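Shared between the two complexes below is subunit A, which pairs with subunit B and subunit C, respectively.
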Partner chain A sequence: MAEVSTGLRRSRFRAPTWQQVSYVLRRWPVAPIVILSVLVVVGVFAPFFAPHDPLLTELVERNTPPFWIGVQTEFRLVAQQVDKLSAEDRHKISLRDARKKGFADAKVGETIELTVRPAGSFNHIFGTDQTGRDILSRAIFGARVSLMVTAVSLTSGLVIGVAMGLIAGYADQIFPRWGKHLDEGIMRIVEITFAVPTILVALVIVIVFGKSFIVLLGLLAFVAWNAFPRNVRAEVLSLKTTDYVALAKISGASSFRILFVHIFPGVINTVLVIATLRVGQLILIEAILSFLGAGVQPPKPAWGAMVADGREYLGDAWWIAFFPGMGIFLVVVSLNFLGDWMRDRFDPRLRQLD
Partner chain B sequence: MAAADTSEAPVLKVENLRTYFRTRWGEVKAVDGVNFELRKGETLGIVGESGSGKSVTMLSMMRLIPMPPGRIVEGSITLDGEDLLQLSESEMSKIRGSKIALIIQDPMTSLNPVLSIGNQVTEAIRIHQDIPKRSVMEKALEVLRKVNIPAAESRVRDYPHQMSGGMRQRVVGAIGISCQPLVLIADEPTTSLDVTIQAQYLKLLRDLQQESGMSLIFITHDFGIVAKMCDRVAVMYAGRIVEMGTVRDLFNNPSHPYSEALLASVPKMEEDVDRLYAIEGQPPLLHDLPVGCAFADRCQYVMERCREEYPPEFPVAEGHYSACWRLA
Partner chain C sequence: MTRFIIRRLFYLCLTMIIATLLVFSLSRVVGDPRLLYVQEGGYGLSEEAWEAMGVKLHLDKPVAVQYLYWLGDAVTGDLGDSMLDRKPVVEIMWDALGATLQLAFFGWIFATFLGVPLGVLSAVKRGSVWDYLGRSVALLGQTLPVFWVGIMGILIFAVKLGWLPVGTRPEEFSFKHFIMPAVTLGWFSAAGYLRLTRSAMLDVMDSEYIKLARAKGVSATAVLWKHAFRNAIIAPLTFSSLVLAGFITGAIVTETVFSWPGLGRLAFSSVDDNDFPVMVGLMLLFTFMFLVVNLFTDILYAYVDPRIRYG
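Up next, the complex of A and B:
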């Protein structure tokens, strides 16, 4: 065996053309999927990704800026006496203070270069907050809260909401005598919940029942469920008049069988789209409640609470509020884009289009 | 199409069936006293204009009239010795699909787009028969082969949008026959198919009927189909059967003016006419039926008596009767 044809071994891989890349980017929501996957992976494996303990306070390191920001210094004139409240004396520093800051040989009349803020470092990529806690680590653990809210509240809200919608839409078939009233009843309840000012009521409930994560999840589940019944019911109303439901009836299928085998699969598309759009709102409401102090309790990190903490320091240390705020923004926008894309994708009239 | 055995008791007997609908214009008498019998292996054609009550009669037999606004006022429907109108809803759903089945008009919309063909074909079997899960697929294949679906093995996993109209109609037919019903009602099963597919489908139905001995009720507008498929015909007008008889009798000797007019309005190939024949006037409003014969206003032989009293059934020949005062 001397020579083996190398032609067979040639790799089949060819670099994609620009057209192919742009086609994929246009057709699939690449950026939202990437952002949301990062959120999920990082949130689930938070202890693995977080470089520091999110609760550890290191006062020496407090208010460290993100890594790319250099040291900030100011020139001060050393004076014997400084009136700290006077605007004229702002560029001056008293001899005592100068000595305290490490300029042991400072003399009156000299100008010294004072470090106002240390430089950022890769030790704290996104900097630290006012008590010296690592912002990146807190943001990563905060993602967990958002995930938890989504998983628990949305799932329970979805199950309740979809079940209500299915029952409301099909009640007149299951209970011919009084099904209409059941439908009416469910829809009125849904309409009443639309009229409830969620955040106000949430604050009251937190005051009455105390602050706890369970109460928060319950509140958010209550926010989540009412988006579903109306749309699901509308869908059921149109699906139950289709010929294939009639055919199932002709075949002797029971009402429950028709509802779950024939109608429910047709509703899933709508439910998915609503759920995706709802997740964004839930994360937002959780953040608002945490911001208002009714949500996740300190020192546990949550994005909304982090923004609230950083609010006071926006002038000097913008990064405390910026990174968790950016997290909320990216996730909510991604979810909205994804929901929009799914709505177009699942719409049979648009499905054939490019 | 073998001549039905007349000695046996009928499989299905409909007596004095009346189905009314409450509307804002008053009570619509969609079916107003329908009587007929169906023997084992027999094919009955039901013809009539749109709105003459053909489909409502069939839906009443399936107990699928939406109530309200509809209600079955009186009558009895005896299938295999049981009065369907006396059964509870759950007892009735055991009969639907297993003893009496219906093929509905439009094959394009009567299959569920999200379920596979195999799944839908076996639905009735899974509901009515207790068969192990693993043999469901075999059963589906068996049924699909019966209706001549080519490559049934791969088609069971297909979805409705992957099939043509003719195929889908055969699948719908397969659903109808899957539990070997005693009576199969075909409500204009071929109206949305093109003629070659129609012919194939009709032949298929006939073969299936011969094989299983089920009785067939054919609702149609098409006299060609009636002549080819049916043993007997019932002509419906304004919710009643106005004439009933064997296909040969009724086609050769239509004794009700309405049947006569219907047959006259079928274009004939050998005649060259400028204008096709049409029955003058409109069918009566079903919520405001006249006291006498409902056809009187459009009838060329109308007599005074026709407007005063509804005509009883007059025998014309053996098994052929007609509700017209001319025969009195």
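Up next, the complex of A and C:
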């Protein structure tokens, strides 16, 4: 009896072997899912996670480096008079300034070690920007903005695009007389939207309607929709010749019912895969627009705009531009992996997309 | 073939007309196009200029007639004056065109010479270090934001290492100044070329005639370059239209990052200055270039692959 129970206890938990771990890692996109979940959770509960107010400027703490970077010091020769503009006196400091900086017993001719930049601390993990705003907090709130923008624009783009695809594919059944022309018309429009450079249309629209959040959402929805109709339509075309659709028709189901109850479930896989692959592009386009100053408007933090800010201070404070860019990169890479994985799993035919 | 070209030409005109319609209706969305001048952040118009503009744009006539007048002007090369410095838009764009074309040329060279060979290598030596390198380049090209690549390039190679100049394009030609902008611009397209070459190469290497060539004892080099590469290169060759699409977005961002005095930075500054006519001119120009390149690649494609012609 006792032997049996110990046997059971032993089998309750066994540490997974390396093969098992690597099998799970290969089969499931673990890292992308972890990164994206962290992003979503942190973004949604941004006020809870952000250590500082993203808009609070503390000029005293401006350009503080990330926590692992130590104090930066320079040796300066104390002199009576210093011409601050001349290159020769760059390594000198005037007696008055030295006293002001805390070297009360400094003498002329002495060399002192001056702190040029304070050390980073855990107070600002990723440092601060040119006006002393905490970069981590801004990045977190920027993630929130990005999430909201992509969620809204993708949803509206998806609804419009999928509806267009469904209608185009099934038009000849709903309107037997002129459905073909409707199909043709929709597909022509889609084709033309591919021929016009998106970002330029976006910039024209921004000039006409002004730089605002609503305009940005509309723009990105416009960018998002045209990915769907073509593939959805192709899917509908093949589904409508299936036996079960024919049987539904015989049993008297309306076109509307056939389209939504019998055909629509069949295109969901395709839609999901395209949507995942599109999110990455949407985030990139949003970042580009914000970088160009045509997207999310300051002081609202956005990753693209943060990189644009940091561009001016590359020599002094690389971290301003580095971290938000890294954030964009990580998110887009994760979405790519996830999208590829979903495509291979749910709809391998879409492989020809790339 | 002629019928094919005529059909494509007709299609080009149609798309161009729709683009102009779009732009025109955007300028009339606010009602009176002159309101764009007096809106918040606009430049203001004097009483006489207001009247003169009304006459020039034929604002007393119906909208459809206004469009035709505007279209006629646009076709004959009159896109109006910029709002900022009141110079003809066509002149401003002409001044900036050279810088952009040079940059695009070097960017394209970089993209082709990195993408195609690496694509071939990673297909031929599948599963090797080269394959991993190629696939990582493809992934990075697709996912790294263009502007960030440029800025990190400046940070590493100009600020920290001091190998390359930070500044913009100088008056006289200097190759060093082209390296970083060209790489930044070409990065995305290089990844595109790479993926296309790789998948085309893998497809071809798997085909029957390659197996036949191998079976009858053709040397590995000849199989690779004479039989496989020649057929695989068609897809990347005709990929130029997508490269150009990437270049249009890329040029705006790259030129903004490097303060490059070309069309892309013009687009950026006209958004900044709310300069509607310049932006409209740029959009029409870019759309036109895009469509023309598309047309040429289609013709090239149809020429190389007869199945397209009659499809």
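Here, the second predicted complex is superposed on the first by the 316 of 354 C-alpha atoms of A that agree within 3 Å, B and C clash if a C-alpha of one lies under 4 Å from a C-alpha of the other, contacts with A are read in each partner's own complex, and residues count from 1 in each chain.
Quick note on the criterion: a residue touches a chain if its C-beta (ideal position, glycine included) is under 8 Å from a C-beta of that chain, and two chains touch if they have at least 3 such contacts.
Since we're looking at a predicted model, the values are computed, not measured.
*Asks:* Mind checking subunit B and subunit C on superposed subunit A, clash or fit?
*Replies:* Verdict on subunit A: subunit B and subunit C fit.
*Asks:* Based on the superposed arrangement, let me know which partner A:L203 touches: subunit B (first), subunit C (second), both, or neither?
*Replies:* Touch status of A:L203: second partner only.
*Asks:* Please work out whether A:I214 is in contact with subunit B alone, subunit C alone, both, or neither, and reply first, second, both or neither.
*Replies:* A:I214 contacts neither subunit B nor subunit C.
*Asks:* Mind checking the angle subunit B, subunit A, subunit C on Cα centres after superposing, to the nearest 10 degrees?
*Replies:* The three centres form an angle at subunit A of 80 degrees.
*Asks:* Would you sort A:V60 into first (subunit B), second (subunit C), both or neither based on which partner it touches?
*Replies:* neither
*Asks:* Would you check which partner chain A:T242 touches, where first means subunit B only, second means subunit C only, and both and neither mean what they say?
*Replies:* First partner only.
*Asks:* Quick one: is A:A253 in contact with subunit B, with subunit C, with both, or with neither? Answer first, second, both or neither.
*Replies:* The answer is first: A:A253 touches subunit B but not subunit C.
*Asks:* Does subunit C touch more residues of subunit A than subunit B does, or is it the other way round?
*Replies:* After superposition, C is the partner touching more of subunit A.
*Asks:* Under the stated touch criterion, which partner chain does A:A104 make contact with: subunit B (first), subunit C (second), both, or neither?
*Replies:* Once the two structures are laid over each other on A, A:A104 reaches no partner at all.
*Asks:* Pick one for A:H262: touches subunit B only (first), subunit C only (second), both, or neither.
*Replies:* In the superposition, A:H262 touches subunit B alone.
*Asks:* Identify the partner contact of A:A15: answer first if only subunit B is touched, second if only subunit C is, both if each is, neither if none is.
*Replies:* In the superposition, A:A15 touches no partner, neither subunit B nor subunit C.
*Asks:* Once both complexes sit on top of each other, what is the least C-alpha distance from subunit B to subunit C, rounded to whole angstrom?
*Replies:* Result, nearest C-alpha distance in the overlay: 18 Å.
*Asks:* What is the shared patch of subunit A, the residues that subunit B and subunit C both contact?
*Replies:* No residue sits in both footprints.
*Asks:* Touching residues of subunit A toward subunit B in the complex: what are they?
*Replies:* So the residues of subunit A touching subunit B come out as 176, 242-244, 246-254, 257, 261-262, 265-266.
*Asks:* Sort out for me which residues of subunit A touch subunit C in the complex.
*Replies:* Against subunit C, the touching part of subunit A is residues 192, 195-201, 203-210, 280, 284, 287-288, 291-294, 304, 307-308, 310-311, 314-315, 318, 321-322, 325, 328-329, 332-333, 336, 354.
*Asks:* Show which residues of subunit C lie in contact with subunit A when the two form their complex.
*Replies:* Against subunit A, subunit C makes touches at 14-15, 18-19, 22-23, 26-27, 29-30, 36, 40, 139, 142-148, 151-152, 154-155, 159, 195, 199, 245, 248-249, 252-253, 256-257, 267-268, 270-272, 274-276, 279-280, 282-283, 286-287, 290-291, 294.
*Asks:* Taking the complex as given, what residues does subunit B use to touch subunit A?
*Replies:* 62, 64, 67, 90, 93-98, 101-102, 104, 106, 109-115, 120, 123-124, 127-128, 172, 175
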